[in-house]
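Below: one structure in structure tokens.
In this document, chain identifiers A, B, C, D, E, F and G correspond to the written order of the chains, with residue numbering beginning at 1 in each.
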Amino acid sequence: MQAAIWLIILPLLTAFFIGISKVFYSYKLLFPLVTGSAILYLYLLISVIDHSYPPKVYSVGDWGLLGINIMVDPFSGLLLLMIALLFLPVIVFSLKYITFHTHNYFILTYIMTAGIAGMVLTADLFNLYVFLEVSSLSSCALVALKKTNKAIEGTFKYLVMSTLGSFFILLATILTYDLTGTLNMAEISVAFQDIPFQIKSILMAFFIFGYAIKIGLIPLHAWLPDSYEESPIPYNVLSSGLVMKSAVYALIRVLYILFGFDFLDETGMLQIGVVWGVVTFLIAHLLAFQQSNVIRLLAYSSIAQIAYITIGLFVGTERGLIGGNFHILNHAIMKGTLFFVIAIFHYSLTAVDIKDLKGLGFRFPLLSFTFVVASLAIVGLPPFNGFISKWLIVEAALDAGFIYAAFSILVGTFLSLTYYLKVIVTLYTKTDKTIEMKEPGLALKLPTIFLGSLCIVFGIAPSLPLSLIDKIPTFLLDHEEYISILLGG
Amino acid sequence: MVVLYVILAIVLSACLTFYRVMKGPSVSDRIVAMHAIGVMFLLVLVLLSYFFARKIFIDVALVYGVFLFVDIVIMAKYLRKPEQGGVRD
Amino acid sequence: MKKKLLTFMLTLGLWVVFAGRMNIQVMMFGTIICSILSHLLANSVFRFVHLNGGPKQIVIKITYMFFVFSAFLYDVFLSAVKVSRQAFAWNPSFSPRIVKLKTSDENSSDIGIFAHFLTCTQGALALDFDPLHKNYVIHWIDVDSDAEAETRKALIRKQEHLVAKIFHSEG
Amino acid sequence: MITPGLFYLIGALLLLLPIREKMTYILAILMTTAALMMTFYLVPGDRVQLEFLNYTLTPVKVDRISKLTGLIFTFGGLGSVIYCFRICSRANLRLIFIFIGSALTVAFSGDLFTLYVFWELMTISSSFLIIMASDGTKKTGYYYFLIQVAGGLSALWGVFLQYAATGDLALKTIEAGIPFFMIAVAIKLAFVGFHTWLPLAYGKAPFYVAVVLSIYTTKVGVYVMSRLLPGIDILAYAGLFSALFGIGMALLQTQVRRFLSYSIIIQVGYMIIGISMGTVAGITGAMFHLVNHILYKTVLFMAVGVVVYTTGKDDFENLGIMGRKLPVTSIATLVAFLGIAGVPFFNGYMSKAIIKDAVNEPLLTWGLNLMSFGTCLLFLKFIYYAFLKKSTISLDKQPALSMQVGMGLLTVMMLVIGIHPVWLESVTNMDVAIHYFDKKHLVSGIQPFLWSIAIFILIKKYVVKNYEAPLPYDLYRQIAKQVVTTGYQLSNYHDGKLTKYLLWTTSTLIILLALLLF
Amino acid sequence: MVKKLYKLGLVVSLGMFLFVLFSDIHNLDRTSKNYLSEHYISEGVQETGAINLVTSVLYDYRAFDTLGEATVLLTAATILAFLVPVTKADMLGTTFTIIVYQATKYLIPFIAVLGVYVIMFGHLSPGGGFVGGVVMALIPILLSLTYGIDFSEYKLTPNTKKVVEDIGAIGFILLGLLAVLTGNNFLANGQAGFPLGNAGELISAGLIPYLNVMIGIKVGAGLAIIFNSLMKEQ
Amino acid sequence: MELPFVVVTILFCLGIYTIITQKNLIKIVLGFTIVESSLILIFVLVSYQPGGTAPILDKAYHLVVDPIPQALALTSIVIGGSVTAVMLALVIKIQKRYRTLNVDKLRKLKG
Amino acid sequence: MIDFLPILRQIVVYVFFLTGSYFLLSTAVGMIRFPDLYTRLHASAKCLMAGGISILMGCIVLEGIGFVSLKLIILLLFLLITNPIANHVIACLDHSNTMTPNPISKNRS
């Protein structure tokens, strides 16, 4: 399992070396360094994902339970899979797309990825907080990269909100240590069984609040579209694909492992989570329809999709977890595709408003087709991947008795079609305007089409990712197994 | 035991000095008072190392002293009245 | 080279004091670190200090310094007593005034050091320094008359001379 | 064994290849014919099973009804593809292939999952057909897509309810969630109240798109209804009501394609009534009517298409081009007219007869008669404009040969069925034991037609009058407006003030704490 | 007014929840021993060789946290470095007299030695890489304050600082990887066979002093970047 | 022992109150630092043990406090400081661009 | 024979601590009572300095000869250098702010 630690170290080392190469070699070394590292990273990711079942523990510093442990299980394997699918395409895309503060962009992207990998792998509560901060702060930095007024404003809002969330996570973490005398998640979980209900509930509320801000559940979402609007678009791919998801991951880890399913059931958190999800996506869809800026539209759509994921994960059944996790993966792919296409449009003719997209369906037939596929997938229409995961979520919700949630998801599907269709229709509306445009090269098109084709592949053959995802609930619903492995390792 | 009384005396003076921090009226007044309090706490740190019989705290006092000085310099450099280019409220 | 050596000695001394022990490890590390530091910093620290005397002169200077330092401490307490008396006085009275004082010192080290003397002793406070006219701006807390001010100024000049003697070599 | 729809889907894929135009035609004909042949040789009882997610799916399941539907779908596919491949773009042809393929797959699907997936695929492909057609159809396509997806989602919800109740996804009469299936089917059938998309889509879309859509969209609805919702009495009356509404609306139309669209609503009424009887005879009659209706309505749409193609418009006045300068079209139109009017020895006659036979409620019988009468009356208007009224419309260009071939193919089939209706029964092994040409049926078949001629002559000026089409009140648009307004209000709350956002945030925290503690 | 009251109500209720939480925790009957800290206190010196347990936690038991934290600081420095404009100018501020210049000059070696001492003795006395790094950073900060940014950046260019910072971070990771070379886990110290020496001596505790040095370098450079960036303006 | 917790609670709430009520960006940042310090204080409280001193085990100790929260506190301080620095940088930037420190004037992003 | 030295040392320590406390208290009182900034600066520069020196001297005597004393001496020297500078810096800030002789200083209270 030495490879697992490399998942965190390698991006960090790369980031630091980019910093040095900037001073001594300017741009000469950037390309080989960045791509070489990304490819190596992909290899490492695959080898770790391969060994994610049965779960394995790696003890940093050989300290065992005295120090920090990192653990790979199918749930973290899924998140790693998402990194594997998104990271190299984003890097390849960015090499051509990012023309401003290039070095800083890559430094921060690599640091962010390291932070996300750390969050995903760690089995230590405080370490989780540290890596959360690594990823949020670098994420903030990427938002500010363009340095326009809007970018600065968005960054400030993002930073304020996200720091507010972090405070509560940190508070809960400290108090958890105070109560249990340890930071290892398994040990905390064992010790938590004797802690009174009231204390645990308040702590859980703090954890949930902190992570929910980073996830962007309504009404904690306001920073999200603001931070997306002026940030470099390839970053948005990672942001909606990985940053938000890593927060979801951390929340689920904390809730299911630390507090345990029974406690969630007892406090009614499952119900709250589902209702919260429903409210979130209904409002987010309505808001998305109002947007004239495609990126804001996609941001609101992200909020809505995260809400579906939340419902899946809070339904509290095996099917729900599978559906929610599959949707985590699918949303990363679909939203990644959409952002990529918009990024290309932005690159070619600086189009970000819906009205600017007029007629691009005829200029970029393949890319527009990819956009259509991804948007239909994200709406949840067959035969694309989003449909399968939504199907699983709805079925699980019905199964668990959340009939209103299941029904609302279908309503939400309809609502989401209203705005995606608006964009699509504009794409295929002819226009007389002749606009100067830059030709997007293969470096931009290839990652886009790769992700877009995944929308179809995972829709037709969902068993590919589901073979991994199917193993996730074992270690979440019944945390005993996870705990025993972590304690034993 | 005498160390404790001295500490209490210094803390008392620090508290008294804090009145000036609150009252002002000018920024400079506050900074002077802050500086005085800082020095007093530095002395308290030294005395605490005797009180707890842990001489290593003197290192803390040294570092604190350096910080205190730089703090005052920074404040003096940038806290000026708005009409002279300071940060506006 | 002398400057570097002096810096090295001073920093090594500091290092040993900080370390709070004298053993081979501390000295080894100290030598390495202090030589690096002295190499880097010597020139900027002692830019205006001229060290052209023999060892004998240095010893004399250091003795001299010690005396001046004691006198300085005494003065500090003296002026502190003055001020604290005002603080506890039932009805404190001040007769403050701000004066300009021309200095004859050319050396900026001396100017800097003398500011300390001004501030810590004499009931005076070095407010500002005008490098163009070489004027100290001084705030006095209790000077009643112009005559007293003049005597004070004379006193200050005397002390200034003394300080210059220590730090500024005659060569 | 595979579903015939797969030929079309593969054809759509093959059309992605950069092949020459001639090859496209050959490919199209090859694939459509292959699908037809395949369907012809399907044996009822065959099925294919497939493991997907946790379900055992039955993507292909053949029985007599599905085979009949499949046959008419593939035949209609052949005709319509030939009709349109010269005049539509490659991309549109691809979409048409996907659309037809999905419709066929629906017809042969043996489980609700497959049904839903391809049902939506139909929606997607047809919507894009409309959206991509021209700038004028964007809004229509938008509307069409949304309505259809709403129907699809309703069906999906029904599927979930059915699955939750029975634990089974098999395609059979529905036990749970019937209202949702009803809504879904009603939207597809353009039932009154759910019909708003139909005249819009068929009226605005390019004529060849309308031709293709008219074959499948509503008919898939009928097929699915026969599968999932047979024998629900109340629906018969609803169907009657819908049909009468269709008659009224059709009378008011000035555009021929809109007129034909409303007439679809009428014809679907027959099928609904047949299916709602729940008897074998009723359902068979409905399915036969589906076949016939596809034939004549397609031909009529094709004919109107030719008119649009040659004169550029589809006003009633433009129909006058027929009769003199478009011989094939004129003959086809006449045959189709007689078919739709239910005149004996033409194809509509047989299925109407079966349905009338199956119905034993007097009210419904009267209703059927009224519908027949209305249909005849309406189409007399059509005929009047096409052949009787003097016209000065001139021909812009000659219709393409492929169009005429496609139309001719269907016309021949109409004649065959009309003259020898038992053939249809024998092909599909569906014997309804009815003597088509005995006195009772002949009389009841010809009566409405004759009455309508008489009445038409009497009140001709009211019938042929070009009415001001009333502005349709659309409930859905009103609802949508409300929803959008709500969204606008919500959006206004997001005025960029960080303090406001922080307030929401803190309030959420307190609410969360309160919820979890108490 | 209503809004203000509402906000006050929110905060007060938050405070009540917090108070309930704290008093619950306080009233909790905790009989079980806190085995982790007990272990650190009783075995920490032997296991890590550092007599400053905070350092042994920071640079050995939980050194991985420290890596993350160093990364956060580096990220902050990176952000600030690119947020400030390319054109350099001092933020308006009081210009100091020659008196301050002189004092600064003499203070710099003092601060330097103090910083090095705090870093190097991190495992023996209070302090360590972070504090020491901050002390070291005071040198460029003082330079900037008294002589202006231009002088400070002439002495220590931003690029140099950036490189130093990166080297510190890379050094930390490389030191951690030393253990991997010997076939142990990342950041292993005593377990990987690095000599822990006699606790209390300058050369002891295996990797810890070197990790301290790396963090010191990194933090010093990073803070200097951050401070100078905050001082600049367009 | 209740008093420190009361203080911490008040400090925490004061910080939050500052964040949500103040319009001045600098004051908002100050609110964050207040909350941060209250959290550090909690760290200290958690590690506190009656009679314990700093966990440096030279010859002169008899009882030391829990070292873990102290280490964690150090980490949190560094992280908090970094965040505050970034926030201040943004505030400076905003002041330059928008010519105001009023948070409600930051309204280029909305909807 | 009574060991004279420790008692003497104790007394010296007491004296230093006492003067130190006195000076620090007078600093505080001066801070509160003195009428304007410059006079307060005098309190800060002189009383505080003297107080600090006293306390540190007391500590040095208490400690005796050793490394710790040396450290304390260094701290003392450090204070001696920085305290006047700090006061000067503050004075300078105010002086350059107003740029005119302080009008308050004419008043006698």
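Operating definition for what follows: a residue touches a chain if its C-beta (ideal position, glycine included) is under 8 Å from a C-beta of that chain, and two chains touch if they have at least 3 such contacts.
From a predicted model like this one, the values you see are computed outputs, not experimental measurements.
Minimum number of contact steps separating chain B from chain D: 2.
The chains in contact with chain D as well as with chain G are E. Chain centres computed from CA atoms place D at the largest separation from chain G. The pair with more inter-chain C-beta contacts, choosing from B-F and A-F, is A-F. Centre-to-centre, using mean CA coordinates, chain C is 34 Å away from chain E.
Our note on geometry: chain C versus chain F, Cα centroid distance of 40 Å, whole angstroms.
Between the Cα centres of chain B and chain G there is a gap of 12 Å.
Between chain A and chain G the centroid-to-centroid distance comes to 58 Å (mean Cα coordinates, whole Å).
Residues of chain F in contact with two or more other chains: 12, 16, 19-21, 54, 56, 58, 68, 72, 75, 79, 82-83, 86, 90, 93, 106, 108-109, 111. Within chain A, residues 126, 130, 133, 137, 140-141, 144, 147, 156-157, 160, 164, 175, 178, 183, 198, 202, 225-226, 290-291 each touch two or more of the remaining chains. Counting partner chains per residue, chain D has residues 491, 494, 496, 498, 502-503, 506-507, 509, 513, 517 touching two or more of them.
Chain C makes touch with chain G in their complex at residues 14, 17-21, 73, 76-77, 79-84, 86-88, 92-98, 115-116, 119-120, 123, 125-128, 137, 139, 141.
Residues of chain B touching chain G in their complex: 2-3, 5-6, 9-10, 12-17, 19-20, 26-29, 31-33, 35-36, 39-40, 42-43, 46-47, 50, 55, 58-59, 61-62, 65-66, 68-69, 72-73, 76-77, 79-81, 84.
On the chain E side of its complex with chain B, the touching residues are 91-94, 96, 100, 107, 111, 114, 117-118, 125-127, 131, 134-135, 138, 141-142, 145-146. Note for the complex: chain A touches chain E at residues 2, 5, 9, 12-13, 16-17, 19-20, 22-24, 58-63, 66-68, 101, 104, 107-108, 111, 114-115, 118, 126-127, 130-131, 133-134, 137-138, 140-141, 144-145, 147, 175, 178-179, 181-183, 191, 195-196, 198-199, 202-203. If you check the complex, the residues on chain E that touch chain F are 4, 7-8, 10-12, 14-15, 18-19, 22-23, 26, 34, 36-37, 40-41, 44-45, 51-54, 56-58, 62, 65-66, 69, 72-73, 75-76, 79-80, 83-84, 124-126, 130, 199-200, 219, 226, 229-230, 233-234.
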